[in-house]
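Structure, as structure tokens:
Each chain carries a letter (A, B, C, D, E and F) given by its place in the written order, and its residues are counted from 1.
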Amino acid sequence: MRKNTLRKIVADGGTIVNGWLAIPNSYSAEVMAHQGWDAVTIDLQHGPVDFQTAVTMLQAISTTSAVPMARVPWNDAAIMMKLLDAGAYGLICPMINTKEEAEQFVNFCRYPPLGTRSMGPNRAVQYGGADYWQGANEEVILLAMIETRKGVENLDAILSVKGIDGVYVGPSDLSMSLGKPPTLDPSDAEVVSLIELIAKKVRAKGLIAGVHCDGSKTALRRFGQGYQLATILNDARLMATAAAQAVKEVKGGAPVAAAKTY
Amino acid sequence: MRKNTLRKIVADGGTIVNGWLAIPNSYSAEVMAHQGWDAVTIDLQHGPVDFQTAVTMLQAISTTSAVPMARVPWNDAAIMMKLLDAGAYGLICPMINTKEEAEQFVNFCRYPPLGTRSMGPNRAVQYGGADYWQGANEEVILLAMIETRKGVENLDAILSVKGIDGVYVGPSDLSMSLGKPPTLDPSDAEVVSLIELIAKKVRAKGLIAGVHCDGSKTALRRFGQGYQLATILNDARLMATAAAQAVKEVKGGAPVAAAKTY
Amino acid sequence: MRKNTLRKIVADGGTIVNGWLAIPNSYSAEVMAHQGWDAVTIDLQHGPVDFQTAVTMLQAISTTSAVPMARVPWNDAAIMMKLLDAGAYGLICPMINTKEEAEQFVNFCRYPPLGTRSMGPNRAVQYGGADYWQGANEEVILLAMIETRKGVENLDAILSVKGIDGVYVGPSDLSMSLGKPPTLDPSDAEVVSLIELIAKKVRAKGLIAGVHCDGSKTALRRFGQGYQLATILNDARLMATAAAQAVKEVKGGAPVAAAKTY
Amino acid sequence: MRKNTLRKIVADGGTIVNGWLAIPNSYSAEVMAHQGWDAVTIDLQHGPVDFQTAVTMLQAISTTSAVPMARVPWNDAAIMMKLLDAGAYGLICPMINTKEEAEQFVNFCRYPPLGTRSMGPNRAVQYGGADYWQGANEEVILLAMIETRKGVENLDAILSVKGIDGVYVGPSDLSMSLGKPPTLDPSDAEVVSLIELIAKKVRAKGLIAGVHCDGSKTALRRFGQGYQLATILNDARLMATAAAQAVKEVKGGAPVAAAKTY
Amino acid sequence: MRKNTLRKIVADGGTIVNGWLAIPNSYSAEVMAHQGWDAVTIDLQHGPVDFQTAVTMLQAISTTSAVPMARVPWNDAAIMMKLLDAGAYGLICPMINTKEEAEQFVNFCRYPPLGTRSMGPNRAVQYGGADYWQGANEEVILLAMIETRKGVENLDAILSVKGIDGVYVGPSDLSMSLGKPPTLDPSDAEVVSLIELIAKKVRAKGLIAGVHCDGSKTALRRFGQGYQLATILNDARLMATAAAQAVKEVKGGAPVAAAKTY
Amino acid sequence: MRKNTLRKIVADGGTIVNGWLAIPNSYSAEVMAHQGWDAVTIDLQHGPVDFQTAVTMLQAISTTSAVPMARVPWNDAAIMMKLLDAGAYGLICPMINTKEEAEQFVNFCRYPPLGTRSMGPNRAVQYGGADYWQGANEEVILLAMIETRKGVENLDAILSVKGIDGVYVGPSDLSMSLGKPPTLDPSDAEVVSLIELIAKKVRAKGLIAGVHCDGSKTALRRFGQGYQLATILNDARLMATAAAQAVKEVKGGAPVAAAKTY
């Protein structure tokens, strides 16, 4: 089975720069996947992307060496199994707040005996190889999103669930959960300290600490805090920001407020 | 944030004429949206419409001043959050039969602290504005479908849930639930009295009473009963009925029985 | 090979009521095809419909006994061959103004020795049968649109081209060509007389006279003038007209001006 | 309402040969549906197929006499109701392991009073007829997948649920559940005996016994064991196997290992 | 009919900043259209975009005040008429090298008596209004691409064709035609002087001078040379450049060579 | 620029086994591309495939080492340029009957100074590399279909056109052109001798001789006649033939007549 190169990066002490796809299209996915990311994640939660389109995006990413991942919309069996069958080599699941939710995530996504994932890879066999089912439990990465106060409180229990490879922090939702305005680079002391705490706990367990960022500066800071996987901006926001800047340069004045990603 | 004009219509004592889209296509959606409706609702429950197509339909509706809404297929987190992120300004959720189901509906669809909706609007920012997240809990309308005996029995409790803006009555399912044949304009005394009762209770709470109808006559009667939002027929049935009539006029004889909407 | 029932209707002295599809979707196509039309035509010229979508619409029509036809965007080899391969049992080609253009139309659409259509039916074999290629030149109907002054002037020559089955009149373009405003039911004396003349000439040759109409009344009048195939309104306009009427009935006042088809 | 011909085949003591669609496309679906299958099932669980595409595939199947069915991804209300509304005449639901899960499956898919399926058929009315709602509970076939040890242990209870028409065995998942490698034609004694046991129990109740196979030989053996519905290979594997064989015949040497279906 | 605001900008002596869409998707189109461009052009020539997708992109652009335009793949009747019917308010046609080609372009795109465009607007009526056909010849802008030596030589004749509103210069193709490497900001003296010459000639005729650029600096320089419409970069390249830059900032080293637009 | 491996195979005296895609879908394309073909060709002429879908199929093929090619529907500038821009590394053009038609084919598909292809690769840059434009004239393979008597008569002149890499014989159309029934493995003496003659003439010029076949046996025979590129069956027919065979094995009796490819 094709190896998941993200595991080697982490094992070697490296960091993973993750691209993020919100545009529901295989051409933009392919262009993005060629820009040097270690992994590229299709966002089926907050991106306007559905499964059928995501399959073509997974194909587009598979023309490169970037590892194809997906953020699923919910801790739901159907969509998670379908994305894995279609060749996603990593899943990020939102709103994992309890040990039970983490166990359910694992249960849906791991073949027996670790879980109850049903057998039937389709693109996964093309992408991963005929022995996919034998290696999938080892190669596929499962990251639980920690993005609420409750999730932080239950972090130790969540991390104790066998089959979870690490966490992915959502700073905006975490901020909201704590009663603060949403932002991908919080300055609120409590939020900041929790984000730092999460990385420490995760790394102490030997697991992967990932985080959503709003640009390269934040990403570098997060790496300094122990995070190993950082997402910069999504495709739409990279495009919109550059477009608004270009219009401003030609027209003068203030740029149009670009669509913001939280 | 762009205001939801439906709130003003209701506040002014007016009535909302709602278009209904079952054809999974953005062109027919745009044509429909230009016909003078106050709101246009995409039916993801009984229309053969899925999320990816619905996004293009939301865009099509957004070329007009009609308020874009969606009926979701189920009280399910993923699809409701995705439709809101994509810019739906109102959601109609089927089969709300208990207070707990109403609370879950609110929980998925309202940002903290009212609920646990995750932060990440995409089209919603384009359509609603950069401050969408600050106004969404106020502007987005949530209507719980009352369409079973149990739902009617629990109506007071359902209406007590903070974050619910009103109800939407499904006369066909309500009839079925009471052991009567499905129809959008019931003549059965018990069903008729329950439909009247629902409007009274909802209006007494200062909430919005909506209802599914089978034509303009039924809609006008419902307005007379206190309903403030009425759906006429869906796009497919308007088309089919007119087509069958045209064929009959040319060929003579009885029209083909048009596809019926329940 | 499956017979083209339109030929029998015409041979029996009957008339063909033709549905018209502008909505690029297979569900609306299927609903339309169930309304009793003898034929249903996908409009790839003025409908926002492209080939890939048209294939699914041909499939949808094929669930009924209505004969699937297409109006092509232009007298162009690629699209005409593709639509025939996909199972269209009739083609309407716009802007046939000269004998040479009619010959080209036939050349692209008829197998040797009548034309140079290339061999490779795909859906046509599913729909028509394994012996499709042997019967296609007999079963497929080719109608040349007469919609300019030049086309009328060259009508005799056009009708003399072997392989042409008849004509299809476009009253709006014909009006425009004569310097009159576009309308599907012209009252201008010159246009009216030309429309009558075309039917006479076509019928005198034993060919099929078809015409685009704006409703059942016009269609019946055209049948009285000798036309054998009449199109009523397209799907989008049937829907829009009915929707605008419904909105008016509920809201009062004048209906929104529905999208007009010319 | 159109009759479900599968019921008659079973009543007459016959066997059902079932085609299986994993390619998310209406053209391949139509070609497959023409190859003589009694039923054709769209796989929304392990095929990369989503609802919107499945609708066009249901249309394609409906151009033939093969009965359109779907395997749903999960025991989930939304997708099951949508597929039924779109005209599926049979549903196969994975991972039914308990009586409660079987009851939920029935509840979502049967109209009152048997279940709580909501009224609103769309394509189902086109395909099945205007009286669809009156006959749907009788005509639509519901098959519960038995594919875990727990499912086998609870088989009697599952079969006792009114509204369940039979079972569909998934040999690969059943093998995995028992700690054996996945295969569609197990040779492990325990798995083999369970597969035989399931057929006997199901037939004893007068219900339908279905099973997933890997080719015609296995299917014939299953028929001998009492199974009445057998699936051969899916469209993609039929194609891939034939392609790999053709390449081998021309190039010599061993064929490329074709994508395997479990 | 809705006015084409680009005409007013030009009449007022202003300049038009044009966005360019190569990603075949309506969501990215909508995000781009919100960034402050005066016009947004869908590239059906060198973008991987086909008509059916372009329709949804035109809808997306129509949610904003940016003027929707399209670059067509070729001087071909079918695609040009279809895009105009779908509501494009401007067309850019490649490779206009002779007066005859310019006349053909006008002939296909202008209603009689100026041309022979066939009557049948669909989205154009929704977007432009019911009187679209009466104003279309005035409002729709037609720009002929001058991008070969021959085109420059025939510029005067091309500009003399009634119905042409101006030109659009393609610096890469013009360079290639002159035997120079393709670039959107040529430094070759001959190419530079021709680009300057074209603007002068076009402006002298009172027509619109447009040009393809590779960024804001080039656009500003072109405006200084008399050009009134300038395209910056397309959506895909804006995105790719920003992505490659972000990756570089995090990873260090040289950015991946972004996909270049010529 | 990425090398076209087909050139090396031919240079080394080898033969090219070509897969053929008629199913308009990227998943089936990816499965096919993994079966060991040297090249895989998307059929936009007789397959129900349009450009937008073909782009996703090119992406799917690009996940493998098979060389992506396309058969275009016609000798038309727009579609040929678009497919090349999207990364097709070879084009097969139907119905090249004269030297002029061959020159037009080259003119549209080769960059200056060899032709007038317009500059603007999109996927081609992702797939081929940033220096695509510099190598494209060398790497892209252009095959002219010889499939009429006239084409054979003009073969020498056609082969003399610089930029043509070889021919591709269509035995069905060639048979029809000679008044014989269409078949991919003709036994008619005249057709047989012409097919042999074409290979000889093409090879004598040092060009590539390709041919459409109906299976591995025919392909091997053609290789023996000097052909270097042979297409077996298309995806749909491989699937249909295998399906019909499987049904027959289970049901007994004669297989359903599979959809035939000519």
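Heads up, the rule we're going with is that contacts are C-beta pairs under 8 Å (C-beta built on N, C-alpha and C of every residue); 3 or more make two chains touch, one makes a residue touch a chain.
Treat the numbers as computed from the prediction; the structure is a model and nothing was measured.
Visitor: Between subunit A and subunit E, which partner chains are common?
Guide: Under the touch definition, subunit A and subunit E have B, F as mutual neighbours.
Visitor: Which contact partners do subunit C and subunit F have in common?
Guide: D, E
Visitor: Considering only mean CA positions as chain centres, point out the chain farthest from subunit A.
Guide: The chain lying farthest from subunit A is C.
Visitor: Using only Cα atoms, superpose subunit C on subunit D and state the rotation angle in degrees, rounded to the nearest 5.
Guide: 180
Visitor: Let me have the rounded angstrom distance from the C-alpha centre of subunit C over to the C-alpha centre of subunit E, please.
Guide: Roughly 34 Å, centre to centre.
Visitor: What's the distance between the Cα centroids of subunit D and subunit F, rounded to whole Å?
Guide: The computed centroid separation for subunit D versus subunit F comes out at 38 Å.
Visitor: Going through subunit C residue by residue, note those that touch at least 2 other chains and give them in order.
Guide: As it turns out, subunit C has residues touching two or more other chains at 22, 24, 27, 31, 34, 48, 50, 52, 55, 76, 79, 122-123, 126, 236, 259.
Visitor: Could you list each pair of chains that touch, in label order?
Guide: The set of touching chain pairs is A-B, A-D, A-E, A-F, B-C, B-D, B-E, C-D, C-E, C-F, D-F, E-F.
Visitor: What does subunit F use to touch subunit D in their complex?
Guide: 15, 17, 19, 22-25, 27-28, 31-32, 34-37, 48, 215-217, 219-220, 223, 230, 232-233, 235-236, 238-244, 246-251, 255-256, 258-259
Visitor: Subunit D touches which residues of subunit A in the complex?
Guide: Answer in residue numbers: 50-52, 55, 76-79, 81-82, 85-86, 111-113, 116, 118-123, 125-126, 130, 133.
Visitor: So in the complex, which bits of subunit C are touching subunit E?
Guide: So the residues of subunit C in touch with subunit E come to 22, 24, 45-50, 52-53, 73-74, 76, 79, 94-95, 147-148, 170, 172-173, 176-177, 179, 182, 236, 257, 259-262.
Visitor: Where on subunit E does subunit B make contact in their complex?
Guide: 26-27, 30-31, 34, 55-56, 59-60, 62-63, 122-123, 126-127
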